[in-house]
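Below are two complexes that have chain A in common, paired first with chain B and then with chain C.
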Partner chain A sequence: MASIDTTPRKAADDSDIPNISIQVEFSGGLEMLFSSQRRHSLSLPATEQGTPITIASLINHLCNHTMKDTRKELFILDDHLRPGILVLINDADWELEGEEAYELQNGDNILFVSTLHGG
Partner chain B sequence: MESTNAAPDSARVEQLKAQIARTENELRELRAQLHELESSSSSSSTTQENHQSHHHAVETPVNPAPPQWKWPLKEEEYIRYGRQLILPTVGIEGQLRLKSAAVLLVGAGGLGCPAAAYLAGAGVGTLGVADGDTVEVSNLHRQIAHSTARVGACKVDSLVAYCRALNPGVTYVAHGEHLTPRNAAAIVARYDLVLDCTDHPTSRYLVSDVCVLLRKPLVSASALRTDGQLIVLNSPPAPQGSPAGRPCYRCIFPKPPPAASVVSCGEGGILGPVVGVMGVLQALEAIKLIAAGVGSCGDGSTTVKESSSTPSLLLFSATSATPFRSIRMRGRRPKCFACSADSTLTLEELKSGSLDYVQFCGVNTPVNVLRPEERISATHYNTILAERPGKQSVLLDVREKEHFDIASIPGAINVPFSTFQARNKATANGEEPRPEWLPENMSDDAAIYVVCRVGNDSQLVTQKLKEMGLDKNGTRFIGDIQGGMRAWKKEIDQTMPFT
Partner chain C sequence: MPPVLCAICHTERALIKRPKNHQKLCKACFIRIFEDEVHHTITSSELFFRGERVAIGASGGKDSTVLASVLKTLNERHGYGVDLILLSIDEGIKGYRDDSLETVKRNAKQYDMPLKIVGYDELYGWTMDQVVETIGKKGNCTYCGVFRRQALDRGAKMLGIKHVVTGHNADDVAETILMNLLRGDLPRLSRSTSIVTGSDASAVKRSKPLKYAYEKEIVLYAHHKKLDYFSTECIYSPEAFRGSARSLIKSLEKVRPSAILDVVRSGEDMARLVPGATSDSCGCKGKTPSSHASADEDNVGGCGSANGQATGGEMAAMDRQLRENEVAEAANLETEITTTKTTPAPTSTSTSNGHRPDKQRIKERSKPGTPGLPIIPKQKLGTCEKCGYMSSQKLCQACMLLEGLNKNRPEISI
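== the complex of A and B ==
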């Protein structure tokens, strides 16, 4: 599994790269790390250093640009998404779609869900 | 654990009431059983009994023996279950399966109460409940089977009493203890299907492992605040490594979440109907599985029925525009710790207690980052205020706004913990700007006190304020109130509502 690079990177300034639009949603309490906002519409460059943008890059982007909370460890742990967060790509478990290596498509809906334990 | 503050006398009264209610229910159950036995034995040996007890009446025909009952359900059951019997999902075959099924609820709380009510109502043969807790007042807004009169009673007894009143035709088994690695297999083995209605990752991994080893389908649900999740696991169950089996809890969540990220209903809050919806859905999934024949097939073995649908996770979000969402999930994980061919997990290992679920899930230890001189007691803070009225100081209450709005110490300023976690925009000279809550005219030696719910977050905020340079190189005292609002209630103001 490729690890997620969390160091802030300069946004692509190559305007020749077309952008893709995606919907990102947070639920199960994760929205609290993202300004208590459940839905975020993002526009990202379709490729990164010549290769299509992956979920790993999206997670990196969310961590560095979208997240307003300093507690990154509640989202990323040891360079990967922390245990207890499910990623759902267009209503399917990301494990069915290649996990971090999944290449984002225009119009994708990516849902991050924190697992609940209460009862 | 939440605590009740009832006077010992009234608690005893309630306990006795609960005990009386339980005993009366038991008596009722025993009388019903006796009545049933007597009536069935008299119908099979009517003639003989008539000869013995009515010698004088032998010649004259008495009331003819009732016609032999030739239907699979009892007369009353056709009436009681009539509305569901006529549904294709149930039918007479499904009802008979329900009647022969034994279902275990692990947890008699917010999920377990509604789930048990509907399973009892639907007429499962045996309903077992395992829980070691007692009923508390703070449970009652969502744990609808308990009652104000039964505060202090064992939850399992309270739930069984409620269900028995609803449907005395079900056999109830109360396991008045929490599931542990040692007792889990013996309890779960008696049932065909398990509902995980617990409230912590440790129990969720344990319940799943036992269900894998004993090959029981598992209906798992959880809830917090306004969200809920539901998934049917290990259904159909199959031996470890069999591709016919469906995923277990560990297939979906191989690693437990960090203990610090686990929020309980007591800490995060929970809306009654939200957890209620999830419990009702658990009962629904259980009824569907049993009626379709996934449970017992009479000889005690469990059928492995080919399920056409892929496993799915149901997400419920009460405040969302689309409250229900169904997510396609993965199948069994090839390297799963519990259900894969590689798994070394056995019943013997489980029973030996060598698997430490608490350690596996981690323990959230209380925060301890301040030196003793950086902390003051609630009593001490109160004395400082009383002895030096008018002296400038700030009391920061870092609980979330909802807690603060309910009750707070007079003069406290509310700056929720989460706002301290927001990324600050560094100013040009690298210095952090003066926080908005800090009075502009405050002298450099005016103290800042920090209070939270129980004294964890307040330590972290104290540390943060010092990192921000607000202690003016030691000129200003910054410290927290040890034990937080809980200590304030205990030591200073017993009337203060504690949430």
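== the complex of A and C ==
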């Protein structure tokens, strides 16, 4: 990984950061937490405080902005994705891609699948 | 990061990391190995015989959908010669089953299998909505759970089918083992580890071909095979205790993925230590006959939970009695052993209304009250006077609940 630029930025910098577009999908019952909508197209700043945006930030963003349901604990538990929710990054298990540290790329497809709902 | 290559074919990109051994596999190799392992479970435990009619308990959810898909594939690939049908239960909760039953109907077409949907009204004379109307929302999960526990057996019996397979996976089994461990209920723990359960009383055998399959892999299998399944939550809240056991299992899996199968294996080992009980591990290590535990299948819960959470004095009392019933049944049935290699059971002992003579039911029975176990069955195991289902009391759990319900049936309902 390239060295991380930790230089403090001006607050107004937000507008200068290019955006990336990603597709987020929910299934296995998780869609119920996200307005019963399976697919969400998101546009996010490519970097955050100078470092590329990671899945960890995406999860926070989803929880704080996309999720209307108040039961946040069904998605995030102890500041991490709730155990039992699988993440596929372009169809690959995120465990093969560095999990929360994975840096999002433009055009990524991120799928969250719950294993916790009725079988 | 350069893509990781599949550990089996070394050509395709790995997309799956297996929880049990961290093996990294491509999609095609994963699908194949998942199927091969279920095949291994089926053959080593001798779950089926040629010409057997097998009902798949189908809810439209991921587990039963994967089970149906895998069994169809394996039946064709390996020539099991079994006759598969989908059996679904409609609890009669307005709106609740609509989508899942639609899914099952599509599955029936996709897998070219006959489908039978049996309603609680047919089985019990009551839909869950009518139950709720009569008793209110409190404690209705108890009813749903007890009714559901018998529903697949009763439904299969209606169809003249003697074997029901369910989609219980390794996570479900581990969760049930943990719950029983935490309750100090070793007899039940012992039964919950069996791959085959069944009772002569109901003449229906139950088995779990996905017993060693991780839930994670079931979901991934469904995803990569693009299976059509439906996810739902029970509209009534699940039992808190089971929910906690579930969370614990998932948290353990997160830090040590092998934990789930380790719990299953520990459960099997502990089951062997329970006096009078036998248990099975994977049939290939040691060809002991599988135990046929009682038909009260504690991990087939109503509303996704084993037992409803009872609230209020009346429900608590009811629950207590149900538990005593179960404990008595458990203690009596522990050592009921038949061989896994099932030949079609003689049906001559069944009368048309399902009653069977008591003395012919149980082949072998342990002495109740084994020293060291604080469980003394209150009564000899028998069959329910009303329906002939296995019961330690005069009436089985379902009939007991039905009796109470029928007393309170509103005059207006027909």
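One rule holds in what follows: the second predicted complex is superposed on the first by the 102 of 119 C-alpha atoms of A that agree within 3 Å, B and C clash if a C-alpha of one lies under 4 Å from a C-alpha of the other, contacts with A are read in each partner's own complex, and residues count from 1 in each chain.
Simple rule for what comes next: a contact is a pair of C-beta atoms (placed from the backbone, for glycine too) under 8 Å apart; a residue touches a chain by one contact, two chains touch by 3 or more.
These numbers were taken from a predicted model, which means no experiment stands behind them.
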**OP:** Return fit or clash for chain B versus chain C, each positioned on chain A through the superposition.
**Re:** clash
**OP:** Name the chain, either chain B or chain C, that contacts more residues of chain A.
**Re:** B
Original post:
In the superposed arrangement, does A:G50 touch chain B (first), chain C (second), both or neither?
Top reply: neither
**OP:** Please indicate which partner A:V113 is in contact with in the superposed arrangement: first for chain B, second for chain C, both, or neither.
**Re:** both
Original post:
With the two structures laid over each other on chain A, which partner does A:D69 touch: chain B (first), chain C (second), both, or neither?
Top reply: first
Original post:
In the superposed arrangement, which partner chain does A:G98 touch: chain B (first), chain C (second), both, or neither?
Top reply: second
Subject >> Contacts of A:R38 with chain B and chain C, given as first, second, both or neither >> reply: first
Original post:
Between chain B (first) and chain C (second), which does A:L88 come into contact with in this model arrangement: first, second, both, or neither?
Top reply: both
**OP:** Applying the touch criterion given at the start, work out whether A:P18 contacts chain B, chain C, both or neither, answering first, second, both or neither.
**Re:** neither
**OP:** Mind working out whether A:S27 is in touch with chain B, chain C, both or neither, as first, second, both or neither?
**Re:** both
**OP:** Overlap the chain B and chain C contact sets on chain A and report the shared residues.
**Re:** 27-29, 32, 82-84, 86, 88, 91-93, 95-96, 111, 113-119
Subject >> Of all residues in chain C, those that touch chain A in their complex >> reply: 1, 4, 13-17, 24, 27, 59, 61-64, 167, 169, 171-172, 215-216, 218-220, 223-224, 231-234, 246-247, 250-251, 253-254, 304
Subject >> Interface residues, chain A side, partner chain B - complex >> reply: 27-29, 32, 38, 68-71, 73-74, 77, 82-86, 88, 91-93, 95-96, 111, 113-119
Original post:
So in the complex, which bits of chain B are touching chain A?
Top reply: 107, 109-112, 196-201, 204, 221-225, 227-229, 252-258, 260-265, 268, 270, 275, 278, 313, 315, 317, 320, 325-330, 418, 421-423
**OP:** State the interface residues of chain A toward chain C in the complex, per the touch definition above.
**Re:** 27-29, 32, 82-84, 86, 88, 91-93, 95-98, 111, 113-119
